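For reference, the structures are reproduced in the following blocks.
Each of the next two complexes has chain A plus one other chain: chain B in the first, chain C in the second.
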Partner chain A sequence: MSSTEIGESVEELTPKFVGARVKRREDQRLLTGQGAYVDDHHPPGLLQAAFLRSPYAHARIARLDTSAALTRPGVVAVLTSKDLVPLVKPVRAASKMREYKETSFPPLAVEKVRYVGEALAVVIAESRYLAEDALEWINVEYDPLPTVANAPTAAQPDAPLLHDEAGSNILLSREFARGDVDAALASAAVRVRDRFRFRRHATVCMENRGCLADYPAGTGELTLRSATQCPGLLRDALADLLDMPEHRIRVVAADVGGGFGAKSSLYPEEIVLCAVARRLKRPVKWISDRQEDLKTSTQAWDEIVDAELGLQADGTIIGLRADVTTDIGAYSIYPWTATLEPIQTISFLSGPYRMPHYRGRNRGVATCKAPMGPYRGVGRPVTTFVLESLMDRAARLLALDPAELRLKNYIRADEFPYKTPAGLVWDQASLTECMQKARDVLDADTTTRWRAQARAAGRWVGIGFATYIELTGVGSAIPVSPGMPIATGTEAAFLRIDPAGTVTATFSVAPQGQGHETALAQVVADALGVAFDSVRVICGDTALAPQGTGTYASRSAVLAGGAAIRAGQTLKEKALKIAGHMMESNPANLDIRDGQVFLRDKPERGLPFRAVAKTAYAGLRRLPKDMEPGLEVTRFYDPFFGTASSATHVAVVEVDTETYAVTIKRYIVVEDCGRIINPLIVEGQVRGGVAQGIGAALYEEVVYDDAGQLLTGSLVDYLVPTASELLPIEVHHIETPSPTTLGGFRGMGEGGTIGAPAAIANAVSDALSHLGIEINEIPITPEKLFRLVRAAEGTP
Partner chain B sequence: MSEPNERSQTITLRVNGTERRGQVEPRKLLVDFLREDLGLTGSHVGCEHGICGACTILVNGEAARSCLMLAVQANGAELMTVEGLAPQAGEPPALPGKTGQLHPLQAAFWEHHGLQCGFCTPGMLMTAYDLLQTNPMPSEAEIRAGLSAVLCRCTGYQGIVEAVQAAAETLRARRGDR
Partner chain C sequence: MKPPPFAYHAPTHLDEALALLERYGDDAKVLAGGQSLMPLLNFRLSYPSALIDINRVAELSYLRQENGQVCIGALTRQRTIEFSELARRQLPLLHEATTLVGHLPIRTRGTIGGSLAHADPAAEYPTVALVLDAELVLQGPGGRRSIPAEEFFVSYLTTALAPNEIVTEIRFSPAPRTSGWAFEEVARRHGDFALVGVAGVIDTEGEQCRTARLAAAGAGPTPIRLRAAEDILVREGVTEQGIQRAAAKAAELVEPDSDIHASADFRRHLTEVLTRRAIQRARERGQEQRA
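Moving on, here comes the complex of A and B:
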């Protein structure tokens, strides 16, 4: 154990916690079965909910009769949209974006259903078993409507309409441009283009969604426990929809079993359960089963991208143009709207390269599928796949080394801050350093020789690079989703030092495995100069937390970390003033370390921090003149532009010449996420992110048939990687503190997933380059490879 | 919680060394009985079709999916859940940093960052426990194959595999194997 690890003895610790490989304090309860996930709560009088869900992709509800279900054993209530009308407003995800058509997303279907799995009614009963029994007794008749099966056909003028109020299935269109891309491409020495297809994916959190609403009539406080990433965001939205004062609503997300974006939106079930609990004055719980989760949790990344890249003969990029069609599913989700994924594709498509001329266009098209929402990386996994594939094709045409071509075109160190064609601002990134280190780790020369030898032996082996740059810690200048009504650039830290000197740090960010209780305690401990163990972190409870939204978009380290530094500094300043008064010393000559206040020039003279804390509450008589008692503060932080994170990923793969299965032989990540708070957690996030990227690249696909039926409604059909499919991921850091954020932190929760599909696709293209095969579709399944190889060989 | 009714049967079983009794409907899943009737919420329900493995427990010493068994099928059985791995572990300490009475597998998961959200962790621990019972010194490939019965979406499995390797070492040293 190194000296920077938290071991058996607190005394062994070095004073600095940020940067240390601190083992997580969350783990004790999670390892012993003492976690507190939503489903672990069983308050007295608990009722359970089960939802009736549409088996049709698109149908008018001809008849919906719940009277028989109401008579079944244990049934307390059965509600349809008619019952909800007086209880809740319809959800309308608004955006000020031009050419966005706002539509309604009713919590229970009104008049018609628009995707398989959409809820029409809810049964509330004494147990989930009895609630599900009663579902069978709801009498429902559907008049099927033509299915709006996929984005290209849904975008046709004569396509059946999903939302009459929109007048079109195209719910948004947007263009970002710089320069004159058509002229630039016309003058290009080399042009590479293709139609890329990134298939629909699901997040598959191991904990299905679920929530528990309680409304004790006595207090008039509505408490929603939910498996959500965004308690603050939900609280604000529910207050509006239920027409309740915000301070009467409490949203709690205690332990949450994974999120990855799918638990960051407001869901129909959360609204319904709040309305029901409020009406029945009894606690009500709903826990999704896996099939419900696969049918109704937001899905992701379903895009067709026509892209063309032009370069000069020496390999200098001169322009990129792209048309993106995004299948946004049946509804526009709150608060992100259907614009989230589409806008981010054309925002990020210009990548880490100098891009003088650019035009990215996107259409978001509604179809009969589960709503599209954020999933780890949002837009970036798709755009990185597209752009990095075009870069490799250009390298092949120009007979250049793919790494050299990238190095030639990266945004240079002296060009930061760099404004992208879409208007994002990259504060700084270590693009060149990441690539150079990646090549060193790979031992590029040796690996290239190995590849030549393997190929000579008839093996299909390849090496693939992918570099990305992404915006993290998003501030108010560039919203997560432009034009939406909620502010995502603001978070806060509430710090309370009690008279015994222990610290409670409360945040509105809410983790689902990212280790906030540990990492944020490290930041607070350093900011105050106290021991790690004296700081307790509380997240995920709006009744305790300062105003904020939650954990998403790689923002917690940057925003909550920044707010924690501010709050810690404020309290440290006050504590030193009190200590100065107590010690009859100038506060400027004092500092705090290891929970001890000391004189800088006479470190042996000092007093325990807890003595200062006690004095802070001892009344005016003991305090400096005009100081008010107490050691508490709430500080906010808005990083304004956000900060860039970047990485280069390298995949070495082999394609089996008989089964066409892809095996990853090595996987390397060299990333720069700024100052690292806890390397243990960072490496876990990177590896987990890469695992999801590998799953996305090779195994996972949400499949709907032409009738809009979900064919991947179980974990037998939707294949997430097991331990056997994965390998040790080699993670290396370039640690360049962000020049623009407090603490120098950059976000890093999503990067692993962003780089992996691109690196793997490029490695597979390299492995099959002797056949002229270029991968343009994700996932890369054995069947697809078999067809590509047969076509390339001219065999049917 | 489903209330006992005229179809209910009485079952008696041992869970983590303690005799427990219950009145259950024949259709009640074993995992629901453990979680709702016995309050042992450490075993998690992730898929209810035997794929994710979050509900894995030991039934008469062998790993089993408690979502694929009915409670009545466990009548007379000896069960072990994650709560039984380290019964002395106690409450989360005010001062974290003490491995205390954790089972070597739990301690190794902690040391090697073998968990993030923690939802799969109980099933992962019980599956690893079963694996090390039958194969005390597994290779990395054997660990990966053994753990492929449980899905983790957070970690990429690397910390888990390292933890199981480390726990195997600790247990071997405890037994005094050569």
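Moving on, here comes the complex of A and C:
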């Protein structure tokens, strides 16, 4: 960061903090164990909850008797769905989308259970130990029902029904189309097709889910502390379900240890704890253990994609058609519904390319698995994997350089704004620039020579590219989950400047480690012209925050950042009017920098910002005529369409010719997330996202057996990459401010995870190209490669 | 994930621990490093009525040379072995295998006796004990007995240890100075249980193989000694063909299962690959030792 001398033009004066590598101020707290997570709160009289969870994937509850459990030591209450009836309304994730079948998701199972881990009852006791001991005294008899084990069988007409009220396990079907794809593909010079499999994914956060509900009889106010991404959204939903006024409910998500989408939905445990606390008038806590988290947190992806891409002989894409089946698990979650992941797959499948003809169809099918929810990337990791794999196959068939084939087909700069076949609008993206820079960073010629030499020595090495474009900072034009009844298009900033001149900026977005306290303070400091240290950011408390929902869908920088700019500008304007009054100068000739108000043409003349702030509260005699005292404002921002983010990822891999272990030798990301608020944070987000993408590509897979039993119920079996499996990830930026958002910011929290599975899969296919192996399934495990190589070599 | 209720005892002497074990019989579990037992308790897969915590039994924690053998107290932590100069010099295979055991916090608590008594066939220590022909000293109310590793491991998580006995010591006879060693394993991630591991100690001169000891981890209900493969090496020498044939034989000798991480076929394949790699690396090390 270069400091600019006072006296230069205003354009050069701002921004000062936006764009700077400011160290994350929350890290001192978070990295030294001083964060305060849900489990760090111990109010007096605290009770603990433990849930009885179904060992069956699908069963009728023949008998559920809690009387013995109630007599166990330390037990205060035992509740089942019957007890909840007078306390909470049933949860139904509604959507206006056609061909979506709405179903009920009871917080505690009613009549039957639909996946292993579904809660049937809750024990409230003086300690978690006693609560878990008492669980063993609940008498349950199950009548097992046929397991609805996977999406293809569940979609059969004669499959056993999971939700009788839906009349089918297919809870939604949808199609997006443009042009005449069948005719286009029939005329294509080259067609590539395959069945792709993107396996089911779990979300593993450092902090498991957990919540603490408290309802002191004296105030009649319900406080829920929860490890959630969406305190505002929860508050609104709980008010409805509990039939309480919203202003009597406070949801707090102070420090939250990771979310990645899995903490953005409303969960049964949150509802149950609120109901229990309200009934018992005592605080109750539930902390998910790792097994519960793997069994019950929303899972992701799990798609089968039949896709076919057609190109002309010169490599020009003419059309893509795809049929996608998504396994949405046992329940449609609130508020996103079961449509979220399926719809986004067919929305994004056309990728960063000109796509004249397109048809994407999707079915979302219910099965006996934990409910499907959003996970970093939603829909885009699988679509990028599918399309980018097809692009590489086409390049091989046409004997074209895979990068050249992409460059030929990217949406060109003069074609923005570009409307996609699914109706999304890309405002602008730097597709060509990202690819060109990625090739430069890779030093493509040298790397290709290295590959040839290594192959000559018998090594299996490969290079893989992947480009994606995604929609971020979505406004009200396109809801995050189309058709759902809640609004996700706006966020707000509440700025208060106190008489000492320090600034408190409060937001309804709520971070789980993304660095909002730093990034939003940078934006506010620049918007006001005050020092970074004089701005304090508060997130994640509905009692303090303006109306909003939370942090998800790569929206916080765009929506909260935009609201912060607006609020900052409003207060700056007012502060300058007061300063002009104090200095007897025209406010138009004044500016603020480093906490100092000064005359633009005479910068040595000025006064401290804090003097202005003090005056703002000093009463009418000190203020301009008709001005209202105070320096506080809440401003909202709706970016309407949202803005595109894009990147090219490059992976260089080596496959062990005997153990089939995949080693990533280099990983390069060149991304454009618009104006960068803080490069340190952007690079951290990219690296974290790539780490999760590497997990998806090589390690992570949720496995259920045919009886619906979860085989990956601990971190011994559900493999997340650790530091030992990762490598230094090279991150480079193309910085093109978004033409459509305030501040020019684009969202970038998810991109790392979107590009990585595709780039790695393409690199592995390249490494095994001499065997004719094309990767069509992730994760790419040594076992799968062993089988593919055996098949390719003709060994039984 | 809270353990079911249990009585807790923390004796400070072995006699005391043995008396408690005698009192509870089958109903008690001995708690050493807790790296396998505590998860079993927290998952409520095990309901012992008592835990006998031997962490305060100081007499079980040592590493010393005695009559040409290296004797290691059962309560000795893996981390201690990792940093023991005696282990590194006299038992380089054990030392190398230790670096493959889990992660730092696991090795800091985990003990050699606990690992052997738990007898997970994919763990490193049982395979090392088997390949080095270690003797386990077991103590019960009737006194001490010693048992070769090959007889100790009975089946998956099952040993010859009687319910009222405790493993107190493991005795290793160091391999001849001229021999080389290697522990080769494939795990999905650093620190995971091996899909397959192969331990080897061989003594070669030129292409001649004087002695060979090989064993596989993760390839059957117990660690498996690969005697027929050893015989091939001794008979045919460490020629390319001898090594290849020994490795192929190893793949025949193992009895792996399939699970979500690897099929039995793949584990057999890995046994062959890792046996070859272990022999080659052990041979190279032996040559370095002599040089």
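We adopt the following convention: the second predicted complex is superposed on the first by the 781 of 796 C-alpha atoms of A that agree within 3 Å, B and C clash if a C-alpha of one lies under 4 Å from a C-alpha of the other, contacts with A are read in each partner's own complex, and residues count from 1 in each chain.
Everything that follows uses one rule, which is that contacts are C-beta pairs under 8 Å (C-beta built on N, C-alpha and C of every residue); 3 or more make two chains touch, one makes a residue touch a chain.
These figures come from a predicted structure and were not determined experimentally.
Trainee: For A:Tyr129, decide between first (touching chain B), second (touching chain C), both and neither.
Mentor: The answer is both, since A:Tyr129 touches chain B and chain C.
Trainee: Who does A:Asp289 touch here: chain B (first), chain C (second), both, or neither?
Mentor: both
Trainee: In the superposed model, does chain B or chain C contact more residues of chain A?
Mentor: The larger set of chain A residues in touch belongs to B.
Trainee: Answer with first, second, both or neither: which of chain B and chain C does A:Pro782 touch in the superposed model?
Mentor: In the superposition, A:Pro782 contacts chain C only.
Trainee: Should A:Lys665 be classified as contacting the first partner (chain B), the second (chain C), both, or neither?
Mentor: neither
Trainee: Contact-wise, after the overlay, does A:Thr722 reach chain B, chain C, both or neither (first, second, both, neither)?
Mentor: After superposition on chain A, A:Thr722 lies in contact with both partners, chain B and chain C.
Trainee: Quick one: is A:Arg455 in contact with chain B, with chain C, with both, or with neither? Answer first, second, both or neither.
Mentor: Neither chain B nor chain C is touched by A:Arg455.
Trainee: Quick check for you: in the superposed arrangement, does A:Arg193 touch first (chain B), second (chain C), both or neither?
Mentor: Neither partner.
Trainee: Using the superposition described at the top, list the residues of chain A that contact chain B and also contact chain C.
Mentor: 128-129, 289-290, 714, 716, 722, 724
Trainee: For the complex, give me every residue of chain A touching chain C.
Mentor: Result: residues 128-129, 132-133, 136, 289-292, 658-659, 661, 699, 703, 711-712, 714, 716-717, 719, 721-722, 724-725, 781-783, 786-787 of chain A touch chain C.
Trainee: Which chain C residues qualify as touching chain A in the complex?
Mentor: Residue list for chain C touching chain A: 1-5, 39, 43-44, 186, 188-193, 195, 260-263, 265-266, 269-270, 273.
Trainee: Provide the residue numbers of chain B that touch chain A in the complex, in ascending order.
Mentor: Interface residues on chain B, with respect to chain A: 1-3, 25, 27-28, 35-36, 39-49, 51-52, 54, 81-83, 85-86, 89, 91-93, 95-99, 102, 106, 109-111, 113, 115-122, 125, 143-145, 147-149, 151-161.
Trainee: Flag every residue of chain A that touches chain B in the complex, lowest number first.
Mentor: Per the touch definition, chain A meets chain B at residues 6-10, 23-35, 37, 39-40, 42, 46, 74, 126-130, 203-208, 255-258, 260, 287, 289-290, 512-515, 533, 680-681, 683-685, 687-688, 690-692, 714-716, 720, 722-724, 726, 728-729.
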